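Each structure below appears as C-alpha cells.
You will see chain A twice below: alongside chain B first, and alongside chain C after that.
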Partner chain A sequence: MDANLLVEARSLGVRYGAKRALDDVSFTIPKGRVVGLLGHNGAGKTTLLKALVGLVKPAQGELAVLGMNPLRDRVDLLEQACYIPDVAILPRWARVADLIGLMSGLHPRFSAARARELLRRTSVDPADKVKSLSKGMVVQAHLALVAAIDARLMILDEPTLGLDVLSRKAFYEMLIDEWCDGERSVLVSTHQVEEIEALLSDVLMLNEGKLVLSISLEDMDRRFVALSHDASVAEQVAAAHPLLRYRTGPGTAGNAALFDGAPAEQVMRLGQRVRPSLVDLFVALTRRPELDRTQF
Partner chain B sequence: MTTMNRLIPLVQREWLQHRFGWALLVLVPLGLGVLLGSVGHIDLGDEPPRGAMLPLAITAISLLACTAAMFVILWGASLIFASGLARRDHGDRSIEFWLSLPVGHVASIAVPLVVHLIVVPAAALVIGLAAGVLMSALLVTRLVDFGAWLAVPWGDVVPALLAVLGRLVAGIPLATLWLLPLVLLLVLLNAWFKRWGLVVMVAGTVVLVILERTTGIGLASVVADFANHAATSFIGASRTELKASGAEEALAVLRQVPRWAGNDLLAALRDLASPLLAGGLLASAGLFALLIEWRRRGASAAN
Partner chain C sequence: MVCYLSNTPLGHPMQQTWDQRLPIYQQLADLLAARLLDGDPPEGDAMPSVRALAGRYLLNPLTVNRALQALGDAGLLENRRGLGLYVMPGARARLRASERERFLATEWPRLRAHLRRLDIGPEQLRWEENA
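What follows is the complex of A and B.
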C-alpha cells in the first residue's frame, strides 16, 4: 500500500443477507484530504464507514485503512482513526466529565485537556449529565470528545445531525482550522452538502451500493460543465443529452444543464458556462439521468 | 498504553454506572438493620446463652447474618446486572459510542462479567463483615453493655473471621467457574431473546426436569450438580462441621477455624479436577464465543 494513502478499497462488497449494501466499491483517500461521502438514504454510506472501522465484514474485495485490515485490527485501527457513528448517542447514565475520564483511559491519543477546551466553546458543561442534555448538546459533546483525539483519520457519519446552523458552522470551522493539518484526513458523510462543499477537497458518491463518482473538486470542475441558458434554447440544449436539466432561478433565463465533459461548441454557444454545484451533480448522478427537473 | 491499563477504565465504567445502585443496596439494608437493632423487639428464645457466651453468640450471629445478607443482596443484584450485560448499551443506543472506542469485544464483555461475578460479591463479603461488626456492637450494647462487646475475645474471633472471609473470597471465583456455563447461557439467551431470556431458560429447565422424569436422561441432574459444586466451592467443600456447646468449647472451635478454612479451600480446589467442570468450562468457552459473535454481528447490523 502506498504510504501516502490512508484508505484503499478495492472491489469492496458488503451484503446483508440477499441485499447488496456495497457493490464493487473502489477508491483511495490520500493524506491531508477532506472527503465528502454523499448518497441517498440506504445508498450504503453508513455501511461503508462501518466497514472502514471494522464494524462490518466485507463479503468481497480488499480494504486497508492506515495500512491495517479493519476487521482483524479493529482495536489498533481505532487508536489512530476516530469515528462518530450516525447515531451520536452517549451513555445516558454518564456525566460528560465521566466520559472524558473514561476516554482518557481507553484511548491512548485522547487529550482530556483538549476535550475540555473544546467543550468550553459549546453550551455543554463537563458536570452535565448526558440524560439532561438536549439532542444537539449531546452531539456537541460527542464531537468535542472525538475532536480531542489525535488521530490520523476522522470518519464522521452525519456528524452534525440535530445541530443548529451556528453549531454546525463552528464545528466545521474547528475541524478545518484546528484538526486538519495537511497530514490528517477526514471522511464525512452528510446530507447538508451545500454547507460543507467549500470545505471538501474530494467527493465520493454512492448510489444503491455502487460508487458512482470518486473525484477531487478540482477535477470535478474540469470534467463537468454546467451551462446556464435561456428557456428559448432549452430544446436545443436537451438534444445534446445533458446529465441533468434544472432551474437556477425564476424567469426564462433561470435554466441550466449539466454535462459530463464539454458539449459541442454550438451547444456551448447557446448559454454561459457556470460552475456546477455538488448538489446538482449529486442529483444528476444518483437519479435517473433523463429526469427533467426544470418542471419542479 | 498496556492492555491492563485499558482494562482499568472498563472496571471504572462499571463503578460509574452502578455506584448509586450499589450504594442503595448497601445502605438501605444496613439502615434498616441499624433501625431494627436499635428499636425493634429482640427475642433471645427460651434458653438464651448466659454470661460471656451471650455477647459472643450475638457477635457471631450478627457477623454471620450481615455478611450473608449483604452477599445475597449484592450477588443477586450482580447476577441480574450480568445477565443483561450483552444488551445493556442497546437500550440508550450508546453501543455505537462504545464500539467506536479502541476496545476489543472480548474485554468489553469479560471485564464487566468479572466485576459483577467476582469483584462485587467479594466486596459484599467485606462490607457485610464490617456491617456485622457494627451491628454486633449495637446489639450487644443494647442487650448487655458496650463493655461486654469490648470483652468479646477478639484475639480469637478476629483470626477466625479473617480466615472465613479469606475462604469465602477465595470461594467466589471457584464458585463462579462452576456457575459460568449457566450464567453465560442466561446472558446469551437475554442477548438473543431480550427480556424473554430468563423465561426461555426457566422453560428449558422445566423441559429438562420433565425429560429426566419421563426418559431418565439426567440433564437436569447435571445442572443441579453444577449448582451444588458452586455452593460447596464457595464454602463447605470439606464437608466437616465445627460444633460447640459451651463457652470454653466455642473458643476452642474458634481457634480451629483458620485450619478448617484452609482445609476447606484445599478441598474446593481439589474439586476443580473434575471432568464435569472441564465440560462446563468448554461449554462456557463456546457460549462466550457466541456472545462475542453476537456483539460483533450487532455492531454490523444495517442501520
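What follows is the complex of A and C.
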C-alpha cells in the first residue's frame, strides 16, 4: 500500500438484505486532505463511514484504512483514527473534566493537556456538566476530546447537524486550525454543502449507494464549466446540453448553465465562465428521478 | 437536465462571500494585500500561519498556501527559513505603487465617465470628509 494513502477502497459493496447500500465504490484519501462526503438522506454516507471504522461488514471489495482491515484490526485502527458518529452523545450527568479523565484511561494516544488546551478555545469549562451545555457547546466539547487524540484520520458524520450558524463556524474553525496540519486528513459528511465548500480539498458524492463523483476541488474547477448568461440566449445554451440550468441571484446575469467539460467556443461566447459551485454540481449529479420533471 | 432556483451566489452568513468569477486563492491574496496596505501586519512582522488564516476565513489550507505563494511571488512576503513568512520591507510602498497604477489605468476612466455623465465637476468634489 502507498504510505501516502490513508484510505483505499476498491469496488466496495455493502448490502442490507436485498438492498445495496453501497455499490462498487472505489476511492482513495491521501494524507493532508479535507474530504467532503455528500449525498441525500439514504444515499449511503453513514454506511460508508461505518465501514471505514469496521462497524459494517462489506459484502464485496477491498478496504484499507491506515493500511489496516477495519473489520479485523478495529481496535488498532481506532487508536489512530477518530470517529464521531451522527448519533454521538456525551453522558449528560458527567462533567467535562470527568470525560477527559475517562478518555485518558481508555485511549493510549489521548492527551489530557491537549484536550484542556482545545477547550480553552471554546466557552466550555472543564467543570461544566454536559447537561448544562448548549447543543453547540456539546459538539465543541466532543470535538475537543476527539481532536486531542494523536491520530491521522478524523471521520465526522454530520457533525454540525442542528447547530446554529455561529456554532457551526466555531466548529469548523477549530477543526481547521487545530487538526489539519498537512499530514492528517478529515472525512466529513454533511448536508450544508455551500458552507464547507471552500474548506474542502476533495469531494465524494454518493447517489443511491453509487459514487457519482470523486474529485479534488481543483480538478472540479477545471473539468466542470459554469456559464453565466443572459435570459435572451437561454435557448442556445440549452441546445448545448448542459448538465443543469439554474437561475442566479441579484448582481449576476440571472441565468447559468453547468457543463461537464467546456462546451463549444460559440456557446462559451454566449456568457461568462464562472466557478462551478459544489451545490449546483451536487444537484446536477444526484438528482432524484421523481424531482426531475420541472422545466423552465 | 434539471432546472431550479440557485441561491448560491448570494453568499452565506457563515463565511466571507467569494466572487464566483475569480479563483478563491486570488481573492484571498487581494484581501490580504489590502490588509498589508493598511499595515496589518506591519513590514518586518510575521504573517499569520496558514492554519490561522484557514481557520479565520474557513478555507482549505491548500488555498491559503496558494494565496501566500502569490503574495510571495509579488515580492510582498519573504520566507525566513524555519520561521515562516514575513512582510518584506518596502512591501507597502510597492503595493501602493501597483494599486495606484491599477486605479489610474482601470478605475479612474470608469469613474471619470460616470462623473461626466452626472455632470459633476472638480469644484463639487469635497476632499475633507466632514467639510
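The rule is simple: the second predicted complex is superposed on the first by the 284 of 296 C-alpha atoms of A that agree within 3 Å, B and C clash if a C-alpha of one lies under 4 Å from a C-alpha of the other, contacts with A are read in each partner's own complex, and residues count from 1 in each chain.
What we mean here is this: contacts are C-beta pairs under 8 Å (C-beta built on N, C-alpha and C of every residue); 3 or more make two chains touch, one makes a residue touch a chain.
All figures in this text were calculated on a predicted structure; none of them were measured in a lab.
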Which superposed partner A:Gly182 touches (first chain B, second chain C, both, neither): second
Comparing the two partners chain B and chain C, which touches a greater set of residues in chain A: C
First (chain B), second (chain C), both or neither touched by A:Ala94: first
Which superposed partner A:Val233 touches (first chain B, second chain C, both, neither): neither
Which superposed partner A:Ile215 touches (first chain B, second chain C, both, neither): neither
Where chain A meets both chain C and chain B, residue numbers: none
Touching residues (chain side chain B, partner chain A) in the complex: 1, 5-6, 8-10, 12-13, 16-17, 89, 92-94, 96-104, 299-300, 302-303
Residue numbers on chain A that touch chain B, as the complex places them: 16, 19, 21, 46-47, 50, 53, 55-57, 74-79, 82-94, 98, 101-108, 142, 146
Chain A to chain C touching residues, read off their complex: 34, 165, 168-169, 172-174, 176-178, 180-182, 194-196, 198-201, 217, 221, 226, 228, 238, 241-252, 256, 272, 274-275, 277, 279-280, 283-284, 287, 291-292, 294-296
Interface residues, chain C side, partner chain A - complex: 1-10, 12-15, 18, 20-24, 51-52, 54-63
